[in-house]
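Alright, structures below, take your time with them.
You will see two complexes here that share chain A, one where it goes with chain B and one where it goes with chain C.
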Partner chain A sequence: MVADAAPSVMPVQAARPSTGLQVRAWLARRSEAVAIPVAAAVAGFLLFGVFLLALGKSPLQLVDLVYRAGFGSSFALGNSLQRAAPLLFTALCVALPARLGLVVIGGEGAIVLGGLAAAAFAQPLAAFPAVIAIPLMALAAAFAGAVWIGSVGWLQAYRGVNATISSLLLSYIAIAIANHLIEGPLRDPTSLNKPSTLPIGDAFMLPPMPVIGVHWGLGCGVIACILAYILMDRTTLGFAARIAGGNVRAAQIQGLPVGRLIVGFTALGGVFAALAGFFEVAAVQGTANGTLVAGYGYTGILVAFLARQNPIAIIPVAILLGGIEASSGLIQRRMQLPDATVLVLEGLLFLIVLMSETLYGRFKIFSPHLWQAKAETMPAPAASAAA
Partner chain B sequence: MEPDAPATGAIGVETIGMTKRFGAFTALDDVSMKIEPGGFHALLGENGAGKSTLVKCVMGFYAPTSGSVLVDGREAEITNPKGAQARGLGMVYQHFTLVPSLTGAENLVISRADAPAILHWSSERAALADFMGRMPFKLNLDRPVAELAAGEKQKLEIVKQLYLKARFLILDEPTSVLTPAEAEEVLGLLRAMTDRGDLSVLMISHKFREVETFARSLSVLRRGKLVGGGAVGVLSRDDMAAMMIGERTTRTIAARLGEPDPEREILRVEKVTATDVSGLRHIAIDDLRVRAREIVGIAGVSGNGQKELADVLGGQIRATGGRVVVAGTPYTGKRVESRSRRVRFIPEEPLRNACAPRMSVAENLAFRAFDRRGDDPQKPPTLWLDKGAMSRRAKDLIARFKVKTASSEAPIATLSGGNVQRAVLARELTDPVDLLIVVNPCFGLDFAAVSEIRNRIVAARNGGAAVLLISEDLDEILELSDRIVVMSEGRLVYETLAAEAEVGAIGQHMAGHH
Partner chain C sequence: MSDQLGLWSVLIAVIGGAIRVSTPFLFVSLGETITERSGRINLGLEGTLVFGAMSAYATAVLTDSPWAGVAVAGLAGGAFGLLHGFVCRLPRVNDVAVGIALMLFGSGLAFFLGKPFIQPSAPPLPAIPFGFWSDLPQVQAALRVNVLFLVGAALSVLLWWAFRNTKAGLIVRVVGDSADAARAMGYDVDRVRLYATAAGGVLAGIGGAYLSLYYPGSWNEGVSSGQGLMAVALVIFARWNPLACFGAALLFGGAGALGPALQSVGISQGYYLFYAAPYVLTLALLIATSSTERALAGAPGELSLSK
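And now, the complex of A and B:
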């Protein structure tokens, strides 16, 4: 299915005007990184359509509902963007360690600890003005996330513990700790049905961003993605991390501090995931409670993989996934489908994206050699063949 | 296992005109060799001489390009290891193939092709006890394999083959994991079995002493050809070493210009001890020195600690004792150290050890210098990645070192082995070098690439660099070195000036005679 879908996307790159062999070869190589995930996503949606047909539902109605509930009105768009905000951060918690070759799936734990730290620090800071208190709350959250996910990196680098497993297990531990504190020492006695910490207070609540009306988590998330891109792509630190991710032996032989790079980048990933928790508390809930465990950490994994661990690509993918999640209520009501339907879609997408990872380098059309060879033997036809 | 299997007793094996080509490379060239029933035959040769290829063809792992195998005097078409087993051929590998968590008895029973789905352990045990009663090897089959010592595991591997009714046993360097006493015992018992006519043995070995003590006849392979052989006792050690190593024809490469500088000692390895990751191999290097404008070649048979020495020098494993000194101060392989003291390390198998295969050629070419600020090692590394400079430098290096690649943006894994090595040399040898450490630099490369790469190494030396060349290719060592050191069983056992080197003496030390 993926293979079938790929050719429909490819002509996009070939149709561009080519000014030379290098440009064409460069385009061929770069377009692979766009075409394959897009084709995989399309294949995932098609497969989900088959699933809906099997249930006797109309896939087109679902597309219509996702569009209307996710992006159709300014209210719907705002709702989608609000859901996209934490996904931006949690996807970074996957994408940064991924550059070092680690699959970290424990962002959920860092969100919860980040949110809890922010809420817990709000009380002792109550006497301070918001300008001072809010950054300190964010700092507390960031610190908690850095320690939590940084320890995943430490365990991997210095003790050889698999980062995927340790991050998942540490995430359970983090949620258990948070539950214990929220239901115990930090519980607001007036929160009866829904155990929560004391509210952080209206003074410390973040205002919505101007114009868009969505909370600041979105803006900060977008900035975080851009900064992460610059870090990975434009700094020597990011380059060193990519060497270590590309081949740890080569990095060691170059004398690069592999262990410190791993701890540093996982800790930074943890900072981002924890900031998602901070914004959920300081901009949405006003208190830390069970709603922090909303699965943003897990959806973030899907976002990062769909974006091929590229921080810039995370932005549109997170908004798309935010829209799909925002529409789940309407889908449930209008199509009489269970709430878990959206999870089925996400699961299918994830599986197909993971499968598509094996397709890179398989399609000749993306090979720069092909385009160069064509141009050598037949100067003109490369462009006409694409049209 | 039926107590009285129909076919017992040793069988003979003969290869006729065995040839195996891998592409243009001839690994095995028209080898005809006969092992009599009840024989104990040793197969000698250097790394890459074709010993493993030959036995793999016999065992059906490889389909020979031409040639055939006679088992017990009849032509046998063996297409897979199962077929070999059915004809009574068994092989014991260098590495253990037992299941560590199972006991010896369980390992034996599950290895049987005809083991039933439901095992009757009482009858199996009785059969095993009966079988072991007829074996010279005494083993406790009720202990998990993981608890057994290496010698016992090796015995169990052999017993497993005999249990599978092997009447012709191939041993691939069987004693490389054993202590001398264990080796003595295992080979002694096997020799006794061949004397009784129960078994024939073909043993791959590097160790002359073993061959002289236990084998009855031997063959020597060199570069895929059978170059000699005969009865043990007739051939002297010098004969064997000469056959193994052959006439050395030195190819013409750039002459070494100038003499090593006795005043400038660049590398000193003092009493360094280290253990590899598995904890099995130990090295102890008492004293190794390399001076400026000198190539010191470390010769040795694969697996005698060269890899561990290289890993210590490259900072991949930590020495458990002693120290490495470069230019007068201790050296641990950190980036600041290698930069300020101009140390370059070129590991073996460059694509696997020195490159990130999926990153581009340009990026791989930048590994050493991407964070350098103005070529000054004293300045702190820069934070911003200068992609323009990276790309310009890559294009320059690709042109200067004639790296054949579709573009500087192509993943380095798409290059041929010779071009990967050219790219690595381009990266490591462009700026002034004081110490160059290279491991098997030409392994698997074609003739032209080999000459070019060796020339580059000599050029670095002529430019004043101290070069430590660790190589399993004795030709390469003889061709390039000013001084030759032989490494055996984790130690440096012999040293000679290249000008005075005697190949026979080097070969003997490589084979473990000091």
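And now, the complex of A and C:
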């Protein structure tokens, strides 16, 4: 940002600090990345508790209900995990482009198109065995999502159209196209009150995962998060993307294919969001209908920002939010609170976590320099004696 | 009746729809123009719009005065704007992300606090029947113009004039075009942006009041169909020009009314696709006029959108 960073203030690499202190410096930096978001989330919950107290409700009862309805029993946990599954994917659709400095908020459109593509392809594939048909349905969904969100990246990279705005517009357009197809050409004539496409058929429905009993979307979502982490943090491609996200000019001077990186990573994000739609159709609904527009895309934005765009952190955050959303019904009945209670809590958490961005680097305890400085004080007497 | 009018009824319905539907677009886009001209983007105006709709409706139910509702909606919107401006003052906080958070928070809070007001009915805002000269009920219905629409039209002219000719307007523009220049002139950039965002929030709140107190004229969780978000695109469409905002709001309103109008004369093919017309229009315009080489014409230099 500032071009004239004086080279004179660069710390001189004097004596190499001992390994133990290096580890402590590394730990200090890493613990900042965990401590600040966690503290911000706790502050958000506390603030929400004050809000509840002001309304004469008990915050402790809310915590108890969220625990019981979200995580308390194996049934509750299964329900939470089922809600978390699409969030894993949609959060990746925000987090991957975010590393390139793009705020993509149109995941909702990719979910809807992905689900629709999967359902539409189930009909012509009806004659094939499920082992062939289901992957092809997933592929159709992935292709739809890649084209949709990839074009957001393409427009940004090659036409200079802002990704936030274009993804938002494309998401509305996708929902309109889906409504048109579900109510028109692809409509199942027997679906009267709730317009839907023809059912994909029981043979093509994904079975639940063994042991956990939740559909495969969860397992694939977790794998997707881990793969995304490896891609972003452990490969040269991910490294190039992060450079391009940090400073486009520097990346261009280095000869990095910035445009292709942007298109690739947005398209991959679109693939993930569309897979959320695929799993909703192939594992939950059995058909594409209006329930695909359930706000998973928007909650995914929240998950990605709470996880600070870190693919691994997305996993616990998505499960936590899945649990909170799963407990919405119980909170409504037991505490006589409106169903929007969860929305207020989510909005508050989002705001506080964003505000906490300003705290990074403010606490000395997390500073690696503090620990390195300690390392440098040790050989210092010898150096002064020599002088 | 509509049989005799044929396709004319479509035109009348589109004009009527444009006048009826455009007011929230107009207010939110004027508010967003003020904010963006100061160099910041507030994506949270959708939440402000919904909260404005709720607070206006609730106030109108409790006090029996729709204008008290408009005033409260404006105040509530201003409070949301101040919150956005305050949070964005903190270093390294992204204004786009804060907007998304406030969108969630504003609509969540509106649904939460507005639950008891879904049932009771509030007094509506008054409208002026400009269609008195016609015998046709369609024309009369189309030309019933709400007072807030006229206020919005006047406001767009006033803002257009103020951005060019008043000290406050020039300060906002300087801050939006170059924060360094504004600092050199001795203006507090963050404070100007704070006020500009608050002013934008006031207008968005009033736009919400129109939704719940005139058209559609009731409070429920689906009162806004994303007008607050669309208005952000509309501002780009209008090139940050308040006068163009007025035209663009009419265009968006009319495009939204096209689907239902065609359906009423029996053309129901592609009903849902017509809903997408404003979005396709905006996207096409953006693609046609954007460039990687330079910022959009008319865009404030400090805006993260155009950088």
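Rule of thumb we're sticking to: the second predicted complex is superposed on the first by the 354 of 387 C-alpha atoms of A that agree within 3 Å, B and C clash if a C-alpha of one lies under 4 Å from a C-alpha of the other, contacts with A are read in each partner's own complex, and residues count from 1 in each chain.
As a working rule, a residue touches a chain if its C-beta (ideal position, glycine included) is under 8 Å from a C-beta of that chain, and two chains touch if they have at least 3 such contacts.
All values reported here derive from a predicted model rather than from experimental measurement.
Asks: Given the superposition on chain A, which partner contacts more residues in chain A: chain B or chain C?
Replies: With both complexes superposed on chain A, more residues of chain A are touched by C.
Asks: Of the partners chain B and chain C, which touch A:Leu343 in the superposed model: first, second, both, neither?
Replies: second
Asks: I'd like to know which partner A:Gly246 touches here: chain B for first, chain C for second, both or neither.
Replies: A:Gly246: touches chain B, not chain C.
Asks: For A:Trp26, using the defined touch cut-off, is the partner it touches chain B, chain C, both, or neither? Pick first, second, both or neither.
Replies: first
Asks: Looking at A:Ile105, would you say it contacts chain B, chain C, both, or neither? Reply first, second, both or neither.
Replies: second
Asks: Taking the superposition as given, does A:Thr235 touch the first partner, chain B, the second, chain C, both, or neither?
Replies: It touches chain B, and chain C stays clear.
Asks: Let me test your reading of the model: by the given contact rule, A:Ser191 touches which partner, first (chain B), second (chain C), both or neither?
Replies: Once the two structures are laid over each other on A, A:Ser191 reaches no partner at all.
Asks: Write out the stretch or stretches of chain C touching chain A in their complex.
Replies: 43, 47, 87, 90-94, 96-98, 100-102, 104-112, 115, 221, 226, 229-230, 232-233, 236, 270-273, 275-276, 279-280, 282-283, 286-287, 290-293, 305-306
Asks: Inside the complex, what are the residues of chain B that reach chain A?
Replies: Residues in contact with chain A: 314-316, 333-339, 345, 347, 352-359, 363, 366-368, 370-371, 381-385, 387, 406-407, 409-410, 414.
Asks: In their shared complex, at which residues does chain A touch chain C?
Replies: 103, 105, 155, 157-162, 164-166, 168-170, 172-173, 176-177, 179-180, 183-184, 298, 301-302, 305, 337-348, 350-351, 354-355, 357-358, 360
Asks: What part of chain A is in contact with chain B in the complex they form?
Replies: Residues of chain A touching chain B: 22, 25-26, 29, 233-240, 242-243, 245-247, 249-250, 252-257, 368-369, 372.
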